[in-house]
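The structures come next, written out as structure tokens.
There are two complexes below, and they share chain A, which is joined by chain B in the first and by chain C in the second.
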Partner chain A sequence: MKACQTPGFWLPLVIVSVWGGVVLLIHQDTMRETAFILLMAVGLASSLNILLGYTGYVSFGHIVFFGLGGYTGFYLLSAQDWPLFAAAIGGGLLSALIAGLVGLAVLRLRGAYFALATIGINEAARAFVSNFEPYGGATGMFVNFSVYQKYGGPGPALWTTFIFLWITALAVLLVSYLVKHSRFGLGLLAIREDEDAAMVMGVKAPQAKTITYVISAFFPGVIGTLYFFKNGNIEPGDAFQLHMSIEMLVMVMLGGMGTVMGPLVGAAGYQWLRGYLLTSPIFKDLHLAVAGAMLLLIILFVPTGVVGWVRNHVRRLQKVLE
Partner chain B sequence: MKRFGVGFAVVLSLSLILTSLTAPPGVAAAEKTVTIGFTASQTGKLNVEATRQINGLHLWMEQVNGAGGIKLPDGAVIKFADKFYDDESKKERVQELYTKLINADKADFLISPYSSGLTDAAAVIAQQYNRIMVTAGAASDSTYKKGYTLVYQSYTPASRYLTGAVDILVKLTPKSKKIAIIHENDKFATDVVKDLRKYAEQKGFKVVLFEGYDSATADFSPFINKIPADVDAIMGGGHFADTTTLARQIYEKKINTRIIALLVAPPEPKFAELGEACISVIGSSQWEPLARFTKESAQKEGIAWFGPTGEEFIKAYKARFTEDPSYHSAGGYVAGMILQDAIQKAGSADTAKVKAALDAMDSMTFYGRLKFATGPKDHGLQVGHEMVYIQWNKDQQGKPVKQVVWPAAGATAPPFVCPAR
Partner chain C sequence: MILQVQDLTKRFGGLQALTGVTFDLPEGQILGLIGPNGAGKTTLFNVINGVYPPTQGQVFFRGEDVTGKPSYEIARRGLARTHQVVRPLTDLSVRENVMVGACFGREHQHLRPAARLADEALTQVGLIDRADQPSGSLNVAQKKRLEMARALAAKPHLILLDEVLAGLNPSEIASMMATVRAIRDQGITILMIEHVMQAIMAISDRILVLDYGMLIAAGLPEEVANNPQVIEAYLGDPKMTAQLLAE
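Coming up: the complex of A and B.
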């Protein structure tokens, strides 16, 4: 309970709670859609950060868990008629299970070899799903529009999906903090700094890394189900997009890896900026150029990310920003 | 080193900004303005097709507004304005942008993004907010089988993309029996060949090979080697790059068959670069500048004619954009025409009245016939429009030239059997 008094613990949770609460209170559809994209990015980036930030293992193909979980959840929803919440949890559990099995093998690799292996896993999953008939093969799956009636019509269904996503984003941040501040998390940080030394000191590295991989795979699976349910269809090309994986990495780096607050700031900031530039009358034809230039400048001058920079420059905020 | 870094960043930023100065032309709003909202893939992998589609739509809008708008029976005049955002060829923001188009930009009607995947995401929002959405570039049948009542398709659906090739085969060699299908293992091509197979089997053909290949395949030998020697037709393909390579390798391996019918690539002028390998290859297209759908052919079939002739459209498009129109351009133009025709017939821009007019629509245009399914299972599916089939032949100088060979009503030359290789 001591943690509750630490601003580093409650600040991210309060920010996301208030943010979601305001969206629910104002109840404006355009605002909900923007918040959905932002919270989805926060959830995905924070999940990746649990692996990348704490263990230092760069997963280039982390989107595979979004895709596999999304596929499984969508299958449970459409073919098995599961309710959304249960299907999303099902999708998350399958992602976690796959991560556990795959992790035992690939987490023995380090550095660039691990990064390359994760890209391979993503491509293999895409190829598998494209030929897996229960998941619709290359054409994917879709739900009939009438499915939304179960949730009170399409409007309320989209709001329900948003609420689930909001809760998921809060859960990721909570887990991220708890992992970082546990004995287990200290072991992970030791692995990040020097894996061999950590093992000598008694950290069970293979086991710890696999558990971390499992945790960081669960939430993208849940988010995938919610996202594809909202879209009404799923196909291999959309589920395993490598560029989304790279965007997740950028968002973590932008906010500050290894911090709880970093992915929240990085993801929300990055996606908000992209959305703003895309729809702004002045920038709408220049959005990629402006976003690219800003990213370049930030990475050139603030390599530790926004949160890292603030922590380094404002001593008082070191305990506030975890 | 740091100074160099800053300089490099500034130069790169400036060059990025300069290279992306490609703002599309804006359209002036009129007094009684109906707003058409859509997202367009101005960047990303669908950029080329989507840009042509928007060009077509803009041309239509400029012409209608230039002619004084649509005059309704009650004396009101309707002019059009558009509002659109870049979807970057990605699905992530499509729903967000369509929600914004409807709620913040007050779009009265919607046009779909390019491609079935993006359209699927947009359709949920259109139906939710009771907005009519005319789709262009969204061929997949499944979009129209989800229970939507306000989504209308301007393209011939994927299920009928290659079925005409079977009809051509029957006409050319009625004794044909065996078809080999080699297709790209993606949503579009798989959708097409599944229905092609069904259709061929209904017609009494035996599908002797049915194989899917990965999108990045460059060596088709394993698939071509499996083709039985006495096959009557080879059909399939996927998108431009893979289909072109497949056609070339079929030629290089000297496979003898009666017809070769492939997706997407053959109608493209670049396909002629294959030289000998492109001769006799048949391809299907939503529209071809050569196709002759005229007021007379409409009259013959007893269908009302609507809009400009093919020659008028091609001339106006060339003058406006200094390039030849592709079927994507025609698709964008026709999406606008569908709305125009429906608003005129409804005498109003009210959603319910326009929907009733769309349900009852049966018009012939330079692009072909337009009629929508109205049953609950496939509402909005295009049932009037037929694909146009082209076949590559040699002109008098021996250069490749394409001719429209099917349907007979729009043909410029009869189809022919592949020469022996």
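Coming up: the complex of A and C.
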């Protein structure tokens, strides 16, 4: 395949592979936890980017797919005794299904109206799950301790979860690249630039947007299942946190929307900053305010993000950073 | 007949934009559409290619009823258009813009053949030197050519050209006219809106005149030019005009 020869294709994959590989080799619990949060951020930001970066539709409530998928996967593995892998896929598929149904309606909206609708969906999902008895209502669910035995106890189970997350993050980056470099992706970029003109040229915008929404909802569902399994419990307050949605946006914008590498850079950069802020005595309660200010500054001064800026200023790197 | 328009009517709330427009366009012709500002010319294009559904009436394209079909369906059947106010996909390169036309137009090409078709279309309109530039960096005349290239790359049966000459200088007009003729010679039928009278009269096989949403005249260019109703639409009272012209 020709794609394998372009650095833009393999660079993000190699970075994440090596990173995960090193963590596995060193086999240290604290390092795994840090890497888990980072890989989760990469996966979430990259999935959001498939929608936001390629079609230009700003989903403010994208975390709903993390929450709903997480809940469903969690339910499947703790109440229905599904293996983790199958439960995670199940969570992803449910998120994808919801996105497909919801998308048919809300993707008719454009701009700010779409963004507002996605926030509404997140709040509606939270309210629904809080009152949905099979999912434990307002108190949520806990993992039955016996579930861990399947993976050789709680310790190894966490490593298994980490490996699944690592593979998921790689899969998101791969899909992101493939979408961007396909005919389908060209149609999406046309929609981003001018949806009506794109339709006049033959791009089936309603269908293309829905498919993209479904793809970008699937992975958060998988990641949600893995995350809440690692935590051992799930409750509505944790699953549908609007501020995580905003943080996803900040990561995509910081790295550069519409690029494959951008969300990876943005996630790493933002998580590093967040770690610093949370531990600093002055900023520890202000990290969201800093995130908000950062989003504002990026949009005002570097709308193309770090990767976009580098691409525009260093021509030689254009082929390296896709 | 490649295009048949029957009794087409479009209302926007209280505004009657088109009233009972009926005409046929035979294959291989250039049909000019003229009329004063606000006559409904662009609206007619928008209804023909599915941007707006008509309030009443029907559109047949190559014998098939396409009335009210979404614009992407109609584009895939081989009807391409350019926009009066140019709409480049700003962040994409010139070549990528044209590839969108090739990928999603009538032939529905894959990326690689689409890139080849895009280069052919860009060569035809004289933009090939700019293929790798972002389309936002082009000037107006070049953007108009880009719109044409996008339409051409779709390999359409019929192209709707919306004021491709407006805002161009005389030498640009001459070269654009040559391009339009070349497109017709490829066997593509053309329906074009134009305000540059000399140009449209010279290039069209037939002319339609729209005024306040109604067709007030149709025929050969010289017939239309001498039609009193057309003169009135453009200049007001025909007797007064004749007097003024005589003086």
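Structural remarks
Here is the rule we use: the second predicted complex is superposed on the first by the 294 of 322 C-alpha atoms of A that agree within 3 Å, B and C clash if a C-alpha of one lies under 4 Å from a C-alpha of the other, contacts with A are read in each partner's own complex, and residues count from 1 in each chain.
Criterion: contacts are C-beta pairs under 8 Å (C-beta built on N, C-alpha and C of every residue); 3 or more make two chains touch, one makes a residue touch a chain.
What you are looking at is a predicted structure, and each value in this text was computed from that prediction instead of being measured.
Contacts of A:Ser146 after superposition on the shared chain: chain B is touched, whereas chain C is not. By the touch criterion defined above, A:Gly232 reaches chain B but does not reach chain C. Once the two structures are overlaid, the count of chain A residues touched is higher for B than for its counterpart among chain B and chain C. By the document's definition of touching, of the two partners only chain B reaches A:Leu297; chain C does not.
Look at A:Gly187: by the touch rule set out above, it reaches chain C but stays clear of chain B.
In the superposition on chain A, A:Val200 makes contact with chain C only, while chain B stays out of contact range. By the document's definition of touching, neither partner reaches A:Leu25: not chain B, not chain C.
Using the contact criterion defined above for the overlaid structures, shared-chain residue A:Thr279 touches chain B, although it does not reach chain C. Residues 181-183, 186-187, 189-190, 192-194, 196-205, 258 of chain A are the ones that touch chain C when the two sit in their complex. Of all residues in chain B, those touching chain A in their complex are 5-6, 9, 12-13, 16-17, 19-24, 42-43, 85-86, 88, 90-93, 95-97, 99-100, 103-104, 117, 120-121, 123-124, 127-128, 140, 142, 146-148, 185-187, 189-191, 194, 212, 214.
Here chain A touches chain B in the complex through residues 28-30, 32-34, 36-37, 127, 130-131, 137-140, 142-146, 154-155, 158, 230-233, 235-238, 241, 243-244, 275, 278-279, 284-290, 292-293, 296-297, 300, going by the rule given at the top.
Residue ranges on chain C touching chain A, taken from their complex, read 49, 51, 70-72, 75-76, 80-81, 83, 87-92, 96, 99-101, 103-106, 108, 110-111, 114, 150, 154.
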